[in-house]
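Input: a single structure, listed below in structure tokens.
A, B, C, D, E and F are the chain letters, set down in written order, and residue numbers restart from 1 in every chain.
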Amino acid sequence: MPEDILVDIKKDYVLAKLREGERIDGRKFDEFRKVEVKVGVIEKAEGSALVKLGNTQVVVGIKMQPGEPFPDTPDKGIIIVNAELVPLASPTFEPGPPDETSVELARVVDRGIRESEAVDLSRLCIEVGKNVWMVFVDIHALDDDGNLLDASAIASISALMNTKIPASRFGLGEDYELPINDLPISVTSLVVGDKFLIDPSRDELSVGNSTLTVSVDRNDNIVAMQKSGDYLLSEALLEEIIEASIGAAKKLREEIIKQISKS
Amino acid sequence: MSRPDKFIVDGKRLDGRLPDQLRPIKIEVDVLKRADGSCYIEMGKNKVVAAVYGPREAFPRHIQDPSKVVVRYRYNMAPFSVEERKRPGPDRRSVEISKVSKEAFETIIMKELFPRSVVDIFVEVLQADAGSRTACINAASVALVDAGIPVKGMLTSVAVAKVDGTLVLDPMKEEDNFGDADMPFAFLIRGGKIESIALLQMDGRMTKAEIKDAIALAKKGAMEIYNLQREAIMKQFVEEEE
Amino acid sequence: MPEDILVDIKKDYVLAKLREGERIDGRKFDEFRKVEVKVGVIEKAEGSALVKLGNTQVVVGIKMQPGEPFPDTPDKGIIIVNAELVPLASPTFEPGPPDETSVELARVVDRGIRESEAVDLSRLCIEVGKNVWMVFVDIHALDDDGNLLDASAIASISALMNTKIPASRFGLGEDYELPINDLPISVTSLVVGDKFLIDPSRDELSVGNSTLTVSVDRNDNIVAMQKSGDYLLSEALLEEIIEASIGAAKKLREEIIKQISKS
Amino acid sequence: MSRPDKFIVDGKRLDGRLPDQLRPIKIEVDVLKRADGSCYIEMGKNKVVAAVYGPREAFPRHIQDPSKVVVRYRYNMAPFSVEERKRPGPDRRSVEISKVSKEAFETIIMKELFPRSVVDIFVEVLQADAGSRTACINAASVALVDAGIPVKGMLTSVAVAKVDGTLVLDPMKEEDNFGDADMPFAFLIRGGKIESIALLQMDGRMTKAEIKDAIALAKKGAMEIYNLQREAIMKQFVEEEE
Amino acid sequence: MSRPDKFIVDGKRLDGRLPDQLRPIKIEVDVLKRADGSCYIEMGKNKVVAAVYGPREAFPRHIQDPSKVVVRYRYNMAPFSVEERKRPGPDRRSVEISKVSKEAFETIIMKELFPRSVVDIFVEVLQADAGSRTACINAASVALVDAGIPVKGMLTSVAVAKVDGTLVLDPMKEEDNFGDADMPFAFLIRGGKIESIALLQMDGRMTKAEIKDAIALAKKGAMEIYNLQREAIMKQFVEEEE
Amino acid sequence: MPEDILVDIKKDYVLAKLREGERIDGRKFDEFRKVEVKVGVIEKAEGSALVKLGNTQVVVGIKMQPGEPFPDTPDKGIIIVNAELVPLASPTFEPGPPDETSVELARVVDRGIRESEAVDLSRLCIEVGKNVWMVFVDIHALDDDGNLLDASAIASISALMNTKIPASRFGLGEDYELPINDLPISVTSLVVGDKFLIDPSRDELSVGNSTLTVSVDRNDNIVAMQKSGDYLLSEALLEEIIEASIGAAKKLREEIIKQISKS
């Protein structure tokens, strides 16, 4: 059966269920798929994590090296988030430099980490104005079964929590753990009319790409938002989604902490 | 530029504005001959030009959509628009701004009217200040009307920031760089009323309640800008009539 | 009416008028369109100018920063002219790296400035062999209604005349004005058979792209020439064009000086 | 890493292996949902994932071959897969590895069955160790079977190195970097027997006789890997049946 | 290289030439097998090879012109052709030279004879000296004839420089780098006579009168080069006949 | 006659001859085409060579400059081999960055030189860990009449043998000859069924691109091999080809030495 007919059938099914107040996989509207976090999967990286969110899979590796600070923050380390949506992960991804989707993904993940001040950048200074730690967060998509963004955000912060600063390799004293202050959670909702579905699967995304991502820190502050897709959002729905995102983030954060501390 | 000690003194901001006050805005319509529609806007120290081409045949062909028009949006900064010369060509920031702006305009253009065609919206930032993306959307929105593209309403954009725990409208550079949060909006305004949100981004730290207040403040600012946009378009029509 | 038919009609009209010894907009053969020069339009740039030549519009901004000199001119500043023919300015321009047209435009403008020694490069040395001022001349086309080249040349030299060297920003003493010695004028003619039209408008260019650009310094010397387009040029016509270009340059230079000194 | 004084002490290699012993290998089949076939392999410290898409319509059109399927192979290293962060995108080494690997797979795919189509083989190196190209081919070979692409047999890859004048199977990093020669192979294995060589490269210094011995050693290693590949595929079939 | 005190001493130039004298020229025709036409030229220390392919089907299709042949010209410098190794690939200088050279050749090729086709002219600078663009055009012109492409005449190129107030023909490196002006020409020569100017550039400082003299000097040089081009082509024909 | 029909006819002819045990140009199966080596053809380069192998022509130029050594070989010079298959050399080559064919060519040539230790890199150290000679070997194809690879390898080693280190230009003492220890020869065979043809011409390559390259040092060691093309190779044929390559390399090496020493 050709792909586009399949998409149409899925779409009808998702919408029909939705009219009955249900999701096709039986989840509640504000429920994430099952999450699995494994840290330290890449021994050669300074930190790493493999995250499965349902069937969506992302691996993130952290590499660090000394480098020059930005002129306006001479005493702070630098975080660079980069995403490669390699063609292995989806029939629709193509090799080549990052397109607008991967740029947006990397930048939204970056903002969640940056604005929650999850990494204590002031403790990444080696010599003021000259040398600071640069933290490369490389997001490598493996399987895109929907909502790569939230999976990437989870994998990024998990990998950072797993990171040891390779000071000894650069003759800068003993290795130490990357100082982490927060665990921001990115919550993406699919907007369908006046309803929304948190953590949409690929099948659910067959109805469209209208999403809203809300990143929440551990004190229930919103640290980043991104409306993505060509749809109009009402104020009322926005408030509902924010409310639900705060709740979903809290639960997911607990689950991630539990899994990481066990491993 | 370094972080100021206080952003608000005696109820006034660093540039003397009240928290709910916009920067000065200047709008000129139909400033370019080649483009089908165009607009020049100054918003604070932002100086931007928008041009609209189309609907025209989409090329290369494989981007054509048989059911509706394709919208493209290109946000571009002139090399001399910022303190340190910017290398020509798109960077990641421009790519993201172009994407979310394009999606905002897709919500207001009557896309089904022009299958297989493209509407190109090009915006050049000649001088950049805080909020260049909002200035660009406001200019593009007017240019779109100037080009005669059928739209559902006007797109009007403004940002709200949080500084010293206070929400401020249309932030200046210092508030943007060193404030606690920044939240750009674009609203669809139809029949003189704000209907819904077409663009929304946010970074910083805000509570749920603050976000609600920010929306209200943004709406107030947007209505003021909308009136200026309308006025500029009207003036243009009158001039053309004469 | 489709674009190409329109072009044909315009072309016929231009040629018909030409046979009667006239230009479609009533100008003399050696007459520039109305020029408007506004300097200092971009406060953040070291220098800037907005030029309108008829409906053709170009803005040029100057940025300066210290940098390493070329090995063979260790005591001289460096000028880099770059042109972006952004798609805003014409339905035929496309986004992307500079194509052959914008490269040629930038290089011809560059030669006019360089060969007339308009900028005193020897006064841009900070430390011999180590540090000199680099002057970035960025040409940003806004509206191409024909003859972007001459408009760009006017805007470039006007912006340079408007430039203050930002020495204080780099801790190199007080700001001072960029030393300017000449005001070269680029004069482009459209060649049609054995006739030529100075400063062709876009409508006139519907007959073809056969142009000759002659840059003239304030002493009526020729400092640069560029034949552009696939046409054959007779010696006699070349001499006529040079003669006319010298005259037209003189007039235009006076007009520019008048406008800049007023502003 | 610096050159060890000796590579073999008391008949054992630096990591304790015998000269003709493979590193530990772990194979998992069907690890990705989107891909038509997939496989994860650990071979020493190599960690690689392979995905196969196709046969699907070849795009852009001009690459289509009316008489047979087009095979593409992309070997790609994750930025964090190596000690010093690797800039994303193909370098010359990846381009060459992709080319010879593609050609190896072209020999085993029944290409005539799918004219105008393409089979895409994507291999991501998540962690790189010596012999990442061989690990990738082994993974891709299993992923190809998992995708149900008709093949003439299994492609199995292993390298042989020369250190201290001795040939060693499946070299580790030190043997690869500082050894006297390195020789990667891929064999076509059909009906449980090695039939011929599908990939062959070599650099270093070897005599004619040593090359002959190297082939024999490689074949021994390949058969062991082949059995693991088969086992992993069988296990997958059984799981799917259940 | 540094600026010499004087460029002309006792009426002679730094390399012993008179002001109106060319550097030694060597021309060989049909030096490549694959190309449809080819030519190798040495002109001073310039060593350039030109190849012509076509008329052949234009690809990609969208560059085809249904009314005439498309001409492409690629001026390229080998990395080792200059003192400091040049990074491979076109720079802005090559792009400009390629453009004006292409336009010069467009004036002499009978373009209407080959609609939808392309003529490719590739010129490689193996060693660069002053005037490499003129050497390339001279080589390309001969290669075009060797390829049997119908042309209106021969294209012959030479430059004139101004040093110490004197015009000199076919400038060497010092005259080019430190002289007061440089003016490259290409002429269409038909029936043994210079008809018109196909390429003209100039930079430096010259009066109207000097330009007139420069043209006369260039024409003298061009005729000499033209005779060598003709001779080389004739010799080739004779060899082919034998 | 269209190109593809011509290719088919050539292919049939090559195969027919082959069945009779002959090559179309009368060569023996293990015989190279006539080789011509001219060194010093580019005076401006540190070393250079023009090689003709039958009608295949390649020029290689060597440029040298001081640069930073690799961290793991602080006392050794660096060789960088680069190949440009410019469109002048073949109707099938296209302008642009190196494709997989030219990358493979450059890397196989590089391995022959590197693994035979032809250049004594330890004598290219200027200051340990700081400054070493970088040797750029640029392969510039002129005419591809088959087997560009072997021609490029010959031209590369010949150019290296012709190279003078430009020490004086960089203020590093007197120029001296690049120390060369070996003369590796690359031998490429076309595989056709169970037969092979050394140094295939373009006409012979009309039967396919199944090749095996064997690089041999002066002591008959194999220093590099590369199977290229989508064909299956039997062990027996591999051994035969290696045997023949060693013989062919020896002869060709003698010929090259003779020609270089004469020039």
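Observations on the structure shown:
Here is the rule we go by: a residue touches a chain if its C-beta (ideal position, glycine included) is under 8 Å from a C-beta of that chain, and two chains touch if they have at least 3 such contacts.
Since this is a predicted model, take the numbers as computed values, not measurements.
Common neighbours of chain A and chain F under the contact definition above: D. Number of steps on the shortest path from chain A to chain C, with steps defined by chain touch: 2.
Among the other chains, the CA centroid farthest from that of chain C is the one of D.
Separating the CA-averaged centres of chain B and chain D is a span of 52 Å. For the pair chain A and chain D, the distance between mean C-alpha positions equals 32 Å. Between the Cα centres of chain A and chain B there is a gap of 27 Å. With centres taken as mean Cα positions, chain F sits 58 Å from chain B. Counting only residues that touch two or more partner chains, chain B has none.
Listed for chain F are no residues, as none touches two or more other chains.
Interchain contacts close the chains into one ring where each touches exactly two others, per the touch definition above. The ring sequence of chains is given as A, B, C, E, F, D, with chain A as the starting point and chain B next. Those residues of chain C that touch chain E in the complex are listed here as 72, 98, 100, 103-104, 106-107, 111, 114-116, 212, 217, 220-235, 238-239, 242-243, 246. By the touch criterion stated above, chain F contacts chain E in their complex at residues 41-45, 48, 55, 57, 59, 61-63, 65, 82, 84, 86-91, 95, 97, 136, 138, 140, 142-145, 202. Considering their complex, residues 32-35, 45, 47, 49-51, 53, 56, 74, 76, 78-85, 88-90, 120, 122-124, 126-128 of chain B touch chain C. Interface of chain D with chain F (complex): residues 1, 92-93, 95-96, 98-100, 102-104, 106-107, 181, 183, 188, 195-208, 211-212, 215.
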